[in-house]
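In what comes next, chain A is part of two complexes: it sits with chain B in the first one and with chain C in the second one.
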Partner chain A sequence: MSRISHPLLRKIIDVTIPYAVGITLAFIIAGITMYLTGFDVLLSYRTIFLTSFTTADSFALTLLKFITLLMLSTAFAIPLMSRKFNIGIEGQFLLGAIGATIVGLTLHLPPGIHVTLALLLGILLGALWAAIPAYLLYKFNVNEVISTILMNFIAFYLVDYVATGPWRDVVPGHPMTIPIASTSYLPLILHRPSIHIGIIISIVLTIAAYVLIFLTIYGYELRASGSNPRAANVFGINVKFLGPMSLILGGAVAGLAGAIEVTGIHYRLIEGMESNYAPLSILIALMGKGNPLAILFFAIFISVIEVGTSALQRTQGVPVELTLIVEALILIFVLVAEVMRRR
Partner chain B sequence: MEYDIYTIIISSFKYLLMLLVPYALTSLGIMISGRAGIFNITAEGMMLLGASVTFLVTYYTGGNQVLGLLTCLAVGALFGLAFGYLTITLKLNQFIVGITFFILTSSLGSLLYKVFIGVTLTPPRVAVLPEINIPLLSQIPAIGEILFKQNIMVYLTIILAILFHYLLFKTMLGLNIRSVGENPRAADVLGINVFLVKYVTVIIGMMLMSLSGGYLLLAFTGTFTEYIVSGRGWIAIALTLFGKWSPIPILLGSLIFSGIEVTVYQLQTMGVAIPYQFLLMIPYIATMIILIWVYKRAEVPQALGKPYDREAIEE
Partner chain C sequence: MNQDVVNKEVPFILMKNIRKRFGNVIALDGVTLDIKKGEVLGLLGENGAGKTTLMNILYGLYRADSGEIFIYGKKVKITSPRDGIKHGIFMVHQHFKLISNFTALENIIIGTASLSKALKPMKPDYAREKIEELMKKFSLYVDLDAKIRDLPIGVQQRVEILKALFRGAKLLILDEPTTNLTPQEVDVLLKSLREMVQSGLSVVFITHKIHEAKAVADRITVLRAGKVIGTLPANKADDATLVRMMVGEKITIENSILFKGIKASIISAEAKGRPLLVVKNLYVTDELGMEVLKNISLEVKGGEILGIAGVAGNGQRELVEAIVGIRKPIKGKVIIKGIDVTNLPPSKIFSLGVSYVPEDRLNDGILPTLSVAENIILGFHKLFTKSNKVLLNLREIRKVARESIKKFDIKAPHELSIAGRLSGGNIQKLMIARALLRKPVVLIAHNMTRGLDVATTEFVLRELLRLKRMGSAILFVSEDLEELMLISDRISVMYRGEIVGNIPRERFDKYEIGKLMAGIRG
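So, the complex of A and B:
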């Protein structure tokens, strides 16, 4: 490696090598495991990587997953900048979904205004759900890892309460509410397969998060409060306030993701709609070190794998948890490779 | 509506002790590695994996619970070793590794079950742990039924807590463990093998978390679901803080969390006029409140969460 003298090239290689190593190793291990448990490895890998690109429908499905994963990863990444772990994105996402459902079911408004209000209440409830652990962190120094995760469990039961209450749709057996008014649907930018405007919202939001984190004073202070809280304090940065504030910001983004999921895909609140999104997104954000642009890239990668693995579950019976395991292994190997290279 | 109050009280207290075990075991595991400076937040996932492994091994060996639990201990040790390598040798951030391991172990727990059992109309079941009747003592009315007719893990957990207390506070080994968690540099200078102590405690800790999951399965349901742990691993972290990283307070504190669960269960069966969803939220809300109370007087090992670097220049 010492022969490469160009500094930028050198830096790019330095950053990418651990990822290449991590991704390769994780897939080798997954491949060996699949081989040993009697699955056709080559066929499986073809399904995993290519399903997203075989039909227009599965490409659309990949995009829809990408929207949610991108937003939830960003919701985890913003607090991560000040070394706060927002494991509560799942609960905040669900509260956002509840918020959009409430507006969609109770109000009668013209299309544009109705959906905007639905998204806004989603953002508000998501932020509020994060504000509780944020306040406890600010006031009592309660560890946000535990408190945000406890809020997730409370959110599950809240969803169950709403989905089995007066709004319950009794026709399907699974707990879910009746459909929201069509005026609260998110506008589509593409019909058949349908892609909603959330794709634009999520990408704009991610770029905004990048600008916020790396190009504003708030972002600078946020990163300083995470990387060296003591020094940041000396320089007059309000460390005690920034961490909790970033959690609330993350909660707002996660809430928006939940509201988009309701107004753009399901058109109702469904129990279990959180799927595996939260753990997938947490790992995406950690892989990208919280950098929104890196997250954008990994969110595409993981969406493709996730859609591929879902297809694999249908054809070969490989459980969907495979994506999470591969993703966790990638992250671990990346972290290990980085340490090894530094030595 | 006819309630036999006597039976309800007896069964509640019996259940209280049975439910103490998962909280206490997991929390003791978190505590012992925390005492040597490693904050391991994998518990929730490790418990699920432990439950899954215990079920599969017990099921496929025709009901051999001992083999099931032994395998689950071995899997715990393996993950403890991996966790130790990443956080002790490579000095990676313990929270990041913990979150990743939580996701890895819980996914693996679900995946293993799905690969081997799959989706079935009626889930396969293994026998639950038998009650052990302690001679004479179990004949005492009420008390005997509650205290001396329990499964073996209830007794072992209480013994383990007392043993850990003795080990940590009355022996040289315990002093060494604690000094590694308080001031690893000083411990190193005194000739204590800091890395070995950390590795051993992390491995033991992870084994206890795994065992706790295996117990949940064998003591209550006998069947595996993804919801079998349902937050108890996270609550155990709160319990560890509440118990000030000490075995006896943790054991007593686990009675509180177990008590909350039993109360919620009884309220549910009694059919109180509150929607069941709000009843089921109670343990999590109570844990939040306990966390607030705990942090006002937080006592943690001084070097908790900080990797130890022999070559680093002291601040």
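So, the complex of A and C:
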């Protein structure tokens, strides 16, 4: 262990310091903003950091956000290793949600099998949604950033179509489908507050992603092609194939996240359920430089901040806009600190 | 103050106690150096000794961390090339800074017009007469109306020198100016430099070649590891002293193949093997459809080193890339170990036991964000898995990396350090360590020793001879003619995408090869 301590330590210091500086600065600025708008600064800080840990419900809420953020970050991180930017996690997530909804609404099966099938169709549709940009990249070298963004637009309206079609639940005013069969619900590992099995799935998946990226030959080739595609190609790595393949893998993970969101939380497809998960996840993945273990850490951090800032509104009457500004400030400062470090 | 009556003891330029660090590396450690009016100062040292850094500081491209510069005893501040030029200091770098689609004349005068003229269409002819005079005076003949891209490297260099002279250079710094010149062009250059110093100019001639320094310089200053070891008059310096000053105690000169040559018995060990690498009537086109390789045929037997000579850019790169499968030929065949590999991907070709040292190590060789260990196994990485063929055998990878780091003296803090942070010379060592990780059946090496210090170059050449004895076929592409003549069994010369001559070792002659490199066929 002493042998690897040097580079490993260096890596940890490299990652930690900018974020510590960035977060501190962000909170100072956020504090000034709140002070100027007439709110109790210290109480606000406490709310942001501690809400997640004060009640069982808010802890559960934090965990649920964490599951989704973690999985979507991983979905972004895998292609990131081959320097492909999977902006399409949002659309892939929604397609996964549609897949789970279809299985949940149309099939009648025993509990275990039903939910498994729902998740599988979610994975499949997520992967397929990523396969289209992947194919375009492989065949015509179409930039994946553009194609995945465009696939997101299609996904939004596809959700709209499903949620306002024959399956529409007409009781609530907002477009959503009727609830899925209870046999397709994700099993809970904890009742009251209810925590579903997705927490285990997401953590196992993240560790699996770590193993894939850093300990297998595929991960090696993926990282090599991301580090220097030309050199990787010169030394016999099939770069052309790996990038698109990693996009599809990312799509599958994002699809699973969407399916878990439907079968574990909402029990139906709701328009707008993608919330701000995708941009936050991209951020988490970039902060962690695609390393799933770092992502795990940053996902916890962002989930806590998310829940904490939204609680500001309830406890102190801070307008929701201001809470969003505080959150954005934190993230911007962290990113600036990161850029400054590289100089 | 009239410069001609200045006390002879006060040097034209004095650099005093110059220090410069790059990160953790001390590039210059208190260097003091003087340059006299009307002399050629040879600045001799091996790669990485700090020669170019020192001159970049004088020219104003870098700033010293500490130290002073005096011109005729007067302290000056040089913080940008603009300052350097103001004092008449000009530098011709290894990579020329010319505009390729402008004519030679336009390149020489560019930027010299006053602001009022600069806004009008360029009329370069006002300078023609003066430039032609300079050309005649210093034997620097150039077709002034030819576009730079149509001129050979040697002539482009003359344009760079004329550019400096036209602007009133008092000191001309030339950084390894003989790289990529044919021996004939080298002779012409050295003659011109002598003429320049006779008319009162000063020249600093940066080189790592002892005989060049002795041929052109009045005095030779030797730099080693950022320190001045000493300054000698060129006519009193003998080779042995200079070698010792240059490399220190790191190698034994008596046994050195670089300084004493290779015993005939080693090289003449007749290549008995079967042909391991055969190229037959190969044609390759570039992205625009231009033929960059025309009808190339060659054959390398086991135990044989075939040298490829030529000025850079005459198709050498395309040739090696076509052999290892990165470029697809339009016609012709590449046969390795009797197997037709013409359209196979690089991975298949490497799996036959081919090793490759690419010329462009930064673009083609290194994975900058991965570790040294992960870089060393690149290309062989499939051999480093556990029995399930999926998981990497990290322990084995790190062990092999540690061995390579030790064997090739790669200066990396750790085998898991990020490879992109290594210096150029150490990245080059990494490339070589990778190529020699497994005994190659066929080794394709392009400018293999570029950027290496003397001791490492010596080590690499010995490794090549060892591989030769063990029966490997080696295609050794280099722009360094002396190195090629030292180690090759045969040399093929490339010119404009063709092989224009094949010369066996007993007929090696640098002027003959130089003629072929310049496209003059016997």
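Simple rule for what comes next: the second predicted complex is superposed on the first by the 296 of 343 C-alpha atoms of A that agree within 3 Å, B and C clash if a C-alpha of one lies under 4 Å from a C-alpha of the other, contacts with A are read in each partner's own complex, and residues count from 1 in each chain.
Criterion: contacts are C-beta pairs under 8 Å (C-beta built on N, C-alpha and C of every residue); 3 or more make two chains touch, one makes a residue touch a chain.
Since the model is a prediction, treat every value here as computed from it, not as a measurement.
Asker: By the touch definition at the top of the document, which applies to A:Ile89: first (chain B), second (chain C), both, or neither?
Answerer: neither
Asker: Check whether A:Ile67 is in contact with chain B, with chain C, with both or with neither, and answer first, second, both or neither.
Answerer: neither
Asker: Of the two partner chains, chain B (first) and chain C (second), which one does A:Phe153 touch, if any: first, second, both, or neither?
Answerer: It touches chain B, and chain C stays clear.
Asker: Which partner does A:Phe235 contact after superposing on A: first (chain B), second (chain C), both, neither?
Answerer: A:Phe235: touches chain C, not chain B.
Asker: Is chain A touched at more residues by chain B or by chain C?
Answerer: With both complexes superposed on chain A, more residues of chain A are touched by B.
Asker: So, does A:Thr216 touch the first partner chain B, the second partner chain C, both, or neither?
Answerer: second
Asker: Between chain B and chain C, whom does A:Leu283 touch in the aligned arrangement: first, second, both, or neither?
Answerer: A:Leu283: touches chain B, not chain C.
Asker: Per the contact definition in the header, classify A:Ser227: touching chain B only (first), chain C only (second), both, or neither.
Answerer: Only chain C is touched by A:Ser227; chain B is not.
Asker: With both complexes superposed on chain A, which partner does A:Ile123 reach: first (chain B), second (chain C), both or neither?
Answerer: neither
Asker: Would you pull the chain C residues touching chain A in the complex into a rising list?
Answerer: Residues of chain C touching chain A: 324, 326, 345-351, 356, 358, 363-371, 374, 378-379, 381-382, 385, 389-392, 394, 413-414, 416-418.
Asker: Quick check on the complex: what are the chain B residues that touch chain A?
Answerer: 41, 86, 90-92, 95-97, 99-101, 103-104, 107-108, 110-111, 114-115, 118, 230-231, 234-235, 237-238, 241, 275, 277-278, 280-281, 284-285, 287-288, 291-292, 295-296, 298
Asker: Please give the residue numbers of chain A that touch chain C in the complex, ascending.
Answerer: Within the complex, chain A contacts chain C at residues 3-4, 6-8, 215-218, 220-221, 223-224, 226-228, 230-238.
Asker: How about chain A: which of its residues touch chain B in the complex?
Answerer: The touching residues are 37, 85, 87, 136, 140-143, 145-147, 149-151, 153-154, 157-158, 160-161, 279, 282-283, 286, 317, 319, 321-322, 324-325, 327-329, 331-332, 335-336, 339.
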